[in-house]
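In what comes next, chain A is part of two complexes: it sits with chain B in the first one and with chain C in the second one.
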Partner chain A sequence: MSYLKGFLVTFRQIFQKRVTTPYPSQKRAKPERLHGRHVLGRYEDGMEKCIGCELCAGVCPANCIYVRGADNPIENPVSPGERYGFVYEINYLRCIHCDLCVEACPTGAITESKMFEFSFTNRNDAIYTREELLVDSESGKPKQLPWEDWREGEDLNTSGWLRATSPNGDASYEGQIAWSGDLGYGIRKAEIGQSDTETLEEEQ
Partner chain B sequence: MTDITSAETAVSITVDGKKVTAKPGELLIDACERNGTYIPRFCHHSRMQPVGMCRMCLVEIDTGRGPALQPSCMIECSNEMVVDTQSKKTIKAQEGVLEFLLINHPLDCPICDKGGECPLQDQTMAFGPGESRFIEEKRTYRKPIPVNENVFLDRERCVLCDRCTRFADQVAGDSLIHFIDRGNKTQVNTYPDQPFSSYFSGNTVQICPVGALTAAPFRFKARPWDLTEVESTSTFDSVGNRISVQESRDRVLRFTGVDSDSVNWGWLTDKERFIFEAYSNENRLSGPLTTNEVAEGSQKHAVATSWSEAYEKFVKAINETTPERIAVIGGSRLTNEAQYIWSKIAKGIIGTDNVDAQLDDGFSPEVLLSLNPSTIDKTCKPGGVIILLGADPKEELGALYLRLRHAILQDQCKLIELTPTKTGLSQLATHSIRVPPGKTLEAVKALSGEPSELEDDILKELTKVQKIIKNNDSISVLLGRTSLAETSSIVEEGAIKLQEYLPKASFLPLLRRGNINGAIDMGLSPGLLPGRCDLEEGSDKLQNYWPTCPTHKGFKTKEMFEAATDGQIDVLILLAADPIMDFPDSQLVQEALDRIETVIAVDIFATDSVLQADIVLAAATATEIEGSFTNLEGRISPIRKSVTPPGTARPDWMIALDLVQYLVPNLGPSTFKELCEEISLVSGIHKDFDFSKVEQIDKEGVVLNRGKNKTQTSLIKIPKQKANSFRLVVTRSMYDKGVLSAHSSALKGLAPGSRIKANPKDMEKLGITSDSTVRLIGLKGEIQTRLTPDPETTRGTIHALWNQDGPDIRKLIDSSLPVNDLKIEKI
Partner chain C sequence: MMIIASDPLLSSDIGFSVVAIMLLKVVIAFALLMVSVMLVIWFERKIVADMHNRVGPSLAGPWGILQTLADGIKLFFKEDLLPERADRVVFRLAPYLSLVPAFLSFAIVPIGGDFTNGGDGTVSIFGHRTLLQVADPPVGILLFLALSSIAVYGVMLAGWSSGSKYPLLGSVRASAQMISYEAALGLSMATVFLFSGTLSTSGIVSGQATWNWNLVSTGFIPFIIFVIAGTAELNRPPFDLVEAEQELVGGFHTEYSSIRFALFFLAEFMNMITMSAIAVTLFLGGPNGPILIKQIAWVWPILWFFLKVMAFLFTFVWLRATLPRLRYDQLMDLGWKLLIPASLGWFLLIAALNIGEDRGWSTFLIVPIGLIVLSLAALLLNGAIKKAKDSSLHAADLSEISEGVDQ
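Entry: the complex of A and B
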């Protein structure tokens, strides 16, 4: 008779509140500090922020960024200043989403979206090019590539977390973490600690 | 150099409480560094005079009158000096200097080419105040201004250290950049509308302690942290400058000079510095080619083939003829190892002695081997006498020119020039004597007190030279070609006579082409075998390793071409040689190539000569191979691999080893290591040298003891110059139409173009001006051109530059004549 005890457990659960999500038809909200695939930002006037300095490539522990700078065309400059990122590639088979690149960037050009739902059938496709990483010059939102699963509103979160010690960090926020003032998410105040997922869901 | 261990001369100083010894007269900053205490600096550079511009090196020095802050780069060590590099005052001073420097320095490190290897960044981190108090607006200038074709200047980054301007003025002697304006507006700049045209401008980029000077070929190409570097040797000219080859993602992006005491002191010519662009040019040959056999009778047409097919065709061509009908030209671009194995293929397997690495633009090796050897250091020995018999070091061997310049200006060397044309050193010469072309021997005769047929005013000068020579026991002779339009014997005879007269004098041959000295050592010369021995003495040693060995001396390059026009040559192998471009008598070459059955070329570019070849083997170049290089002193230094060759191109030694197997299966050597061992076994001068460990040699290299052979020469007769004829003098200039320069975007536009010069008095006599077109008529051909009046050109001569755009001067050269005299006709 004791096997009935097992059924009882199952039976009881039927009336409980469901905790799983039927992914992928429905998605849970992502934590706002989630590290997804990168975006290369632009200024309000559409100029690229990246100046091709290779600091992100230098700091990347997975060695997955390839940047080459070039002289900015004087007639039609790509970024403010003399130099722009002429080649920019990130290999997502190697990236460990540590965001050290985001902290290293002196112009706040590279940040991460929350997009992790992408897959490839070919190793070459895993290398995102500059065109794919750049945000749209009109909307400032990430480009939604055909092999990525974007849902409504997901392209709003592209801002990065910065420490006070990073080039764009603010000294007055020592010990705290601030958002980069990036297109797509806007500027937020510094905060301590991470709000947990549940409160986030409830807020939505 | 003074012996620092000798107790009488050594100076004892105290640095941070530690007693150390310094050389007398040594600057404090150098003495401290040698003893492990680094004092920060910007303006100090050990190869230039101190100026004390930047004040970064302030330390507290006590010479008995109490400690005071003084710039250590301006203070010579004196006995009992007490130095504190860590005192509170020193640190405060250094922080202060850096804070001041950063007032005007922009914080654009992320886009600055120097960022990552910048002394200002590094020293700010190590010695700076750590925090900036500067919130005001910084001084700005127009972003980079070009100071010449290849160097850019960002004036707001400049810290006014005076290094570039001092280099231009003191080292290169081209003082074309200076400080202008005063106070806060002081800046480095060129004279208005006058670029910094110096053959050495790239060195200023290397020594600028900030990113103010940047070089176009490297600008924004990569950051220092993604460069991988290896120390190698520049194979471009025969000085063998030590360089650092810097690569990123399998592409060479930069050459920088390495400071080697005995060779280049860190300097490079712009040509050597930027030549790497040619190596990664997309027009490089990337695999073997052969001519299409279907197209019988019509134009030759090259098609790609496989290596094995190319090798088989090579062997077939060789087997179809007899050894004495095979000729090998070139080989000076190769490493020593590749030269040896090609020498073995030609002489030891095929059995021909028609092998010559020189294209009639050098000297007979027998003569070179009979002269007392010298080194650069010996030539530049303080207080010595340097006799220049030919060639302009500034145009042909730039780094050597800088060493000579230093020797004359700083080390009291006396320069005697006995050349037909003015050279880059003429201004500094104690006696710069214009010997008429073809009369070198006469000048030497006059020097040694024999009767000579020179004019009186030259003789008078030579008597003064005699006195200088008599009173000096360090005499070095620089031996170069005075003109490409005359036979090499003219200078050779002078040199031999000079050696008889001054048995103690030593000779530095200024053969220009890359590893030409290695080629001679390895036997790529008619009548020579590896180890610089002649066919007789060498053959015993070789019999265990070489299946055969020629018994009769073969042809020189010129003789090969002459023989070919008579139909005596069937197969010509070109080892990275382009005779159509480089051999003085271009018509002879073309006639010869037309008659030769099979031309085989091993090269990196499709040069004019390669385009006429039937089999082309694509080779790797200096940044893609391991090996060694022998410079003009006989100094061996390593060539290191940095990137992979394009396509299936392979190192020359590998091609040669493959061919050995195709020609004689199972004949050694079959690996690089065996090849290295075999050289040491068969070559007397390399017997103590281990080629397989060459990468362990330090930056000074190893000078071979090459000994000296007996003198042998035959006198040639120089015809007397007819009245109203003009003797042709052709010299090289730094930039020409050479294949490497043509494939390097930085160097392409720098060739000065042809300017055929004559003495204005001669022109007046003929009634021609610089506007009139004249016909220059040589024995074999004629050209139409304008003449440029130049009072420096010796009367009765025409001076032209080699290999330039414009009228082809080679049409006037007939290499069968000892000298070429021209007629001038007005049109």
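Entry: the complex of A and C
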């Protein structure tokens, strides 16, 4: 009779809840810190954050980032520093979204969005250029490319916020904001981190 | 005059209108079968998805009901590959050997008509009376058995002509499986013939008109054997060793692509429908059932037939969702050592009862004597199987030992 028990098990499933999400029309909410495609940030005055130091390219384990820095034009500087990212390319056929470039960046210029659903029809499209990665100079929002399936809210929390409450891995920075403001967003609040920030403030 | 069919349509002079009605029946049966195959594939995918807690096809048409159509169109436009080492002629022929018998065997199934209250199951079309089945040959069910034997060739030749190892293995399995289960299938059918006294499908159905379904009068055992053997004959789970994905990729149709693959697929599901319809005809009284509203009396038999077939189709899907695949030796053991002896024994018992009734023997004597004889036979069979198993185990032990010595 135990042979027939299995039939009951399968029959009962008919009336149970489905676990499938009808994917392209309906998406599951993404985790807050999902590693998607990169975004190059700007300061609140519209200046680019990238200083062309190539640390991201150096740390990249997949060798997918190509950066060339150049001296800022004196009369019309692109970034507040001495140099700026003249060429900035990320090859998404190679990128493994490890986020090491985000951690390496000294100015918090490169961050990752939650956007990972894109498909290209040729290899050139897979290489995102500086213009494509940079946020919009007016609104500070990431630019959506034609082949990207981007839903509402997926471009939020793309900037310094990603670097968590403890930048540089130093626990004494926990709960302290140690990043610069972003165009369109200003200085973002720190996320309530590993320990309760309120008690931290009381101690100080 | 030689009787070629018991259909009253053909008993009178065959004129233009009779030919037209026959053609109409053929076209309707063909269209009905094609559309129902389309819907059955969708039905199976939907139900299996339900049993897996999935959604199933949902994008093509409402509830994904046009999914099969979309798949069919897609397959039409795919490249038609011919393997280099394939036997070209046979490779092209095989799908049709599979498909044509699948179509033809549905022709003998009565899908409607009122057989109750002395009715002969005929309906009136354009002033002619005819059965609601394409053909009603006196050989009836034997035609079905013959055609399903031909369908084995389709599967076997497809695998053989592909010139590839997986299809070959699949087709070897298929031919062994289908031939061995056909014996049990035929023997369980034979029990039905003892009661109906005819092979004609309309005759079998009219014999069950008064709720005396063969399911009960043959004592359930032949029905159970028929369903198991039928599932094996269809190569459906849990007997789908022919196309066991994990072992044989796709089995006999691994090398097939495009529309030729679609033909195999079509034949497979058509066989599933036909097997359900035959089971309904043989054991569940075909289209017989209560006629509830007299004004649309002709609808009810068709409706009952449809519901009964649906119950079978659901069972086939349910089996697929529930049971894991049998191992090949288990499959052969079940077929040869259980189903064939059981169906043969039951057949003999029923035959003895029938003869006893004719001769006026006491039923109280026949049943115990029959059971004693059958259990003796079962004991002998068991002993033989056990002896064979022991000696083969012994031989295996010996060969293992000798291998050990070699090493």
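Basically, the second predicted complex is superposed on the first by the 148 of 204 C-alpha atoms of A that agree within 3 Å, B and C clash if a C-alpha of one lies under 4 Å from a C-alpha of the other, contacts with A are read in each partner's own complex, and residues count from 1 in each chain.
Simple rule for what comes next: a residue touches a chain if its C-beta (ideal position, glycine included) is under 8 Å from a C-beta of that chain, and two chains touch if they have at least 3 such contacts.
Please read these numbers as outputs of a predicted model, since none were measured by experiment.
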Partner chain(s) touched by A:123 [first = chain B, second = chain C, both, neither]: neither
Which of chain B and chain C A:54 touches, first, second, both or neither: first
Which of chain B and chain C A:71 touches, first, second, both or neither: first
Touched partner set for A:83, first chain B, second chain C, both or neither: first
Chain A residues touched - chain C or chain B, whichever exceeds: B
Chain A residues contacted in one complex by chain B, in the other by chain C: none
Contacting residues of chain A [partner chain C, same complex]: 6-7, 9-11, 13-14, 16-20, 22
Chain B to chain A touching residues, read off their complex: 108, 110-111, 115-116, 143-144, 219-223, 225-226, 249
Sites on chain C touched by chain A in the complex: 47, 50-55, 58, 318, 321-323
In the complex with chain B, residue positions of chain A that touch it: 51-55, 57-58, 66, 68-71, 81-83, 106-107
